[in-house]
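As written, the chain order gives the labels A, B and C, with residue 1 at the start of each chain.
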């Protein structure tokens, strides 16, 4: 990726042992002086910032200056971090900077090296008082009163860090930081988007986009539908959905599909499923594994409700997203 | 509807440009002097209020009086709104008043004209500090400290505005304002109820009730089941479920069904599915499209686990809701 | 269970009528002087505490002492409660103490008598101000400003009371107090764990664990999968999943299964489903009801995608959990 090298400046929250729980970046700047995030913050330019990071002596003064600017508080620490090139995730600074790049739509899913991201992120209690060490909740409660925990996880909710323009996320718990949501995307209550996954254009998402999965523009994921991920399953093939596709409610997808494809509601199409391929006259032409149909356009997948066979035929319907539902202003 | 005309008095939250983000109605009064909501608020009667709304001069004094009564704060504005008759949604005041009428159970789903409701509602960040303009989150965070975002959506969660008597909603994120939940309804964690949708009596809801869908009394929607909506799908037929029905876990429904019907767990019945109709001796009598069975009572739908065919037979089992689970006091 | 008798000391939250809404236990002590929870609290030993509970005179002074220690505030009350032996749930003190024992992993699911627990628990609004009487939300809002309601339910979220070591719960709304989550368990956003249900070892939970259901170690519940409960269904058989099992995404399970079993993604296996049993040469050996295969090891259940029949064959694949995803530190 030619966006590197780049520098991030932000604030991390600390536990009582001064270990970092998260990083909130206020400035992400590449060497073309392009600011990649929307926060407003004065800065002295890329070269100056770079020299601060590498020369500890100068860094101290600068830290002080920046700390005041960002109003670093108790249990917080200034973070200045530079990614020279895209390598395995080194630590929490690195992890958050890459997650930011994804949710800021500066990099698409599967373009960044995210190896070791689980190891780099601590397990954190996400509360109404912000990120808290899971062992320090009772302590906090005795000091601060009511503490409500919304999540105990390595990843925060995206919308607590970044709200991309033109999106709706009906239940913020269901979209992790690192999700890539394009303008015009609506993630409904039953939708879910993992980190390193998302939509490349307007989309209605009522199903689950697993890590590594990409959805093309004007596609519709019906309520409760599933896309197979590569993290916990045994699957090595990256799933993707093309443009103008419809995954029916409660359906599932185990192969990448092209444009203008439809998966019938309730049908789970795994890569190993045998499929009857029908011609436009509804005659069975051949039987193939679903994986053999990967990436093809204009297919309709159904389960024949009398014979019980999974069938694939040319898709002649087009899917039209309801535009009213996508004006997210 | 003969509940109109009616008047609502409440408070809206403003962004920094003085645009309205929501409306919280404290009084909803029709011309029979019936108060439709449960908030307590002194008022001078329907006619007096009506004259205030139409006569700006008098309105000012009254506004002041009411503003004090309701303690209108910074970033808030007094709202006095009258619906004369049921027309397209005009603005945010209109939209919220109609959503209130639904969740207050003053009007059933599909009885109100909700055309243009998406256009009338702004996209809002719903936070622990209340509704916030999506562009003003960072500003708020710099002033107020921790801001957690639970949703970025046009509709708020119902229970932040109205908690109808005798209901449980295990995950408040999953029920939008405008849902109609009857006494004795439990919406479990996996349940979901959109606006303009709901239950007409006691019900156990662990599946999704799409916009426009109505569930009859004593019916049970199993975990993860789907009811097809008319908003984003291509479906024009309003789905409904009669009384004493059971939609099995992970099932789906694309036709309206009558009373005492059962859809087997895992079966998605779309309108176009061909169905083998069996007599009480388990003999296939005919094959019809599921839509031809719309609205009929006492049907059991299964997928034959050997032949793979969707079958419909007379339902002889009765569904009994577990009463203990429905005493929501 | 030989953990009884035991004593719990904690604080309950009161509504304006001085009725109890919850109990937060700070000390749970059995007569072997074992402390079962992780809160730190000085105490005079089991016998002394026991005598306090039974002798009201002494109790008063002690109450005062303990009240100061625990800093009991307005709208709160000191709770001292003893379970002599495991009987039907008597009241809210009893209910919470048993729910604590489950989530503290002191008792496994189905080991405690939980009869009448629904009757013993009030329906409560769980808010950013803690538990609130559902009828007193408007009052609280007028006094305290913003009140956000996350749930209206008899059970609170587990992580607001107990965060067991070595677990992740990506959406805290989806795990009730009384869930039993073993070290190394990750409950993803789409996962759900009811009270009196859980995991006996490391597990990846992206599906729903109904009340009474137990999952063996190293098993993986795919996204949106369903396990049948005994609370609201007509099912009397307790469902359980053995070790090293995989329930595919959007699948469902209506029978208990043994170790190393796989249910194909999208397949709902009910107890009454007829199943073709295949030998290792893929020949149908017999047709049986799924319930006849209950508890057996090394089975793979699929729906043949050409014939539509549910089939069971010997499972030769092994399921390996991704260890990186389970290091929950």
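Here is the rule we use: contacts are C-beta pairs under 8 Å (C-beta built on N, C-alpha and C of every residue); 3 or more make two chains touch, one makes a residue touch a chain.
Keep in mind the model is a prediction, meaning the values are calculated, not measured.
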In degrees and to the nearest 5, what turn takes the CA positions of chain A onto those of chain B?
120
Is the contact between chain A and chain C built from the same residue numbers on each copy (over half shared) or from different ones (under half shared)?
different
Taking the mean of the C-alpha atoms as each chain's centre, how many Å separate chain A from chain C?
29
Would you pick out the residues of chain B that each touch at least 2 other chains?
128, 150, 173, 224, 250, 266-267, 303-304, 307-309
Going by the contact rule at the top, pick out the chain C residues touching chain B in the complex.
118-119, 122-123, 125, 128, 134, 137-138, 142, 146-155, 173-174, 192, 208, 210, 224, 226, 228, 231-234, 250-252, 254, 266-268, 270, 273-276, 287, 303-304, 307-310
How about chain C: which of its residues touch chain A in the complex?
38-39, 71, 126, 128-130, 150, 157, 159-160, 163, 167-173, 189-190, 204, 206, 220, 222-224, 248-250, 264-267, 303-309, 317, 319-322, 324-325, 327-329
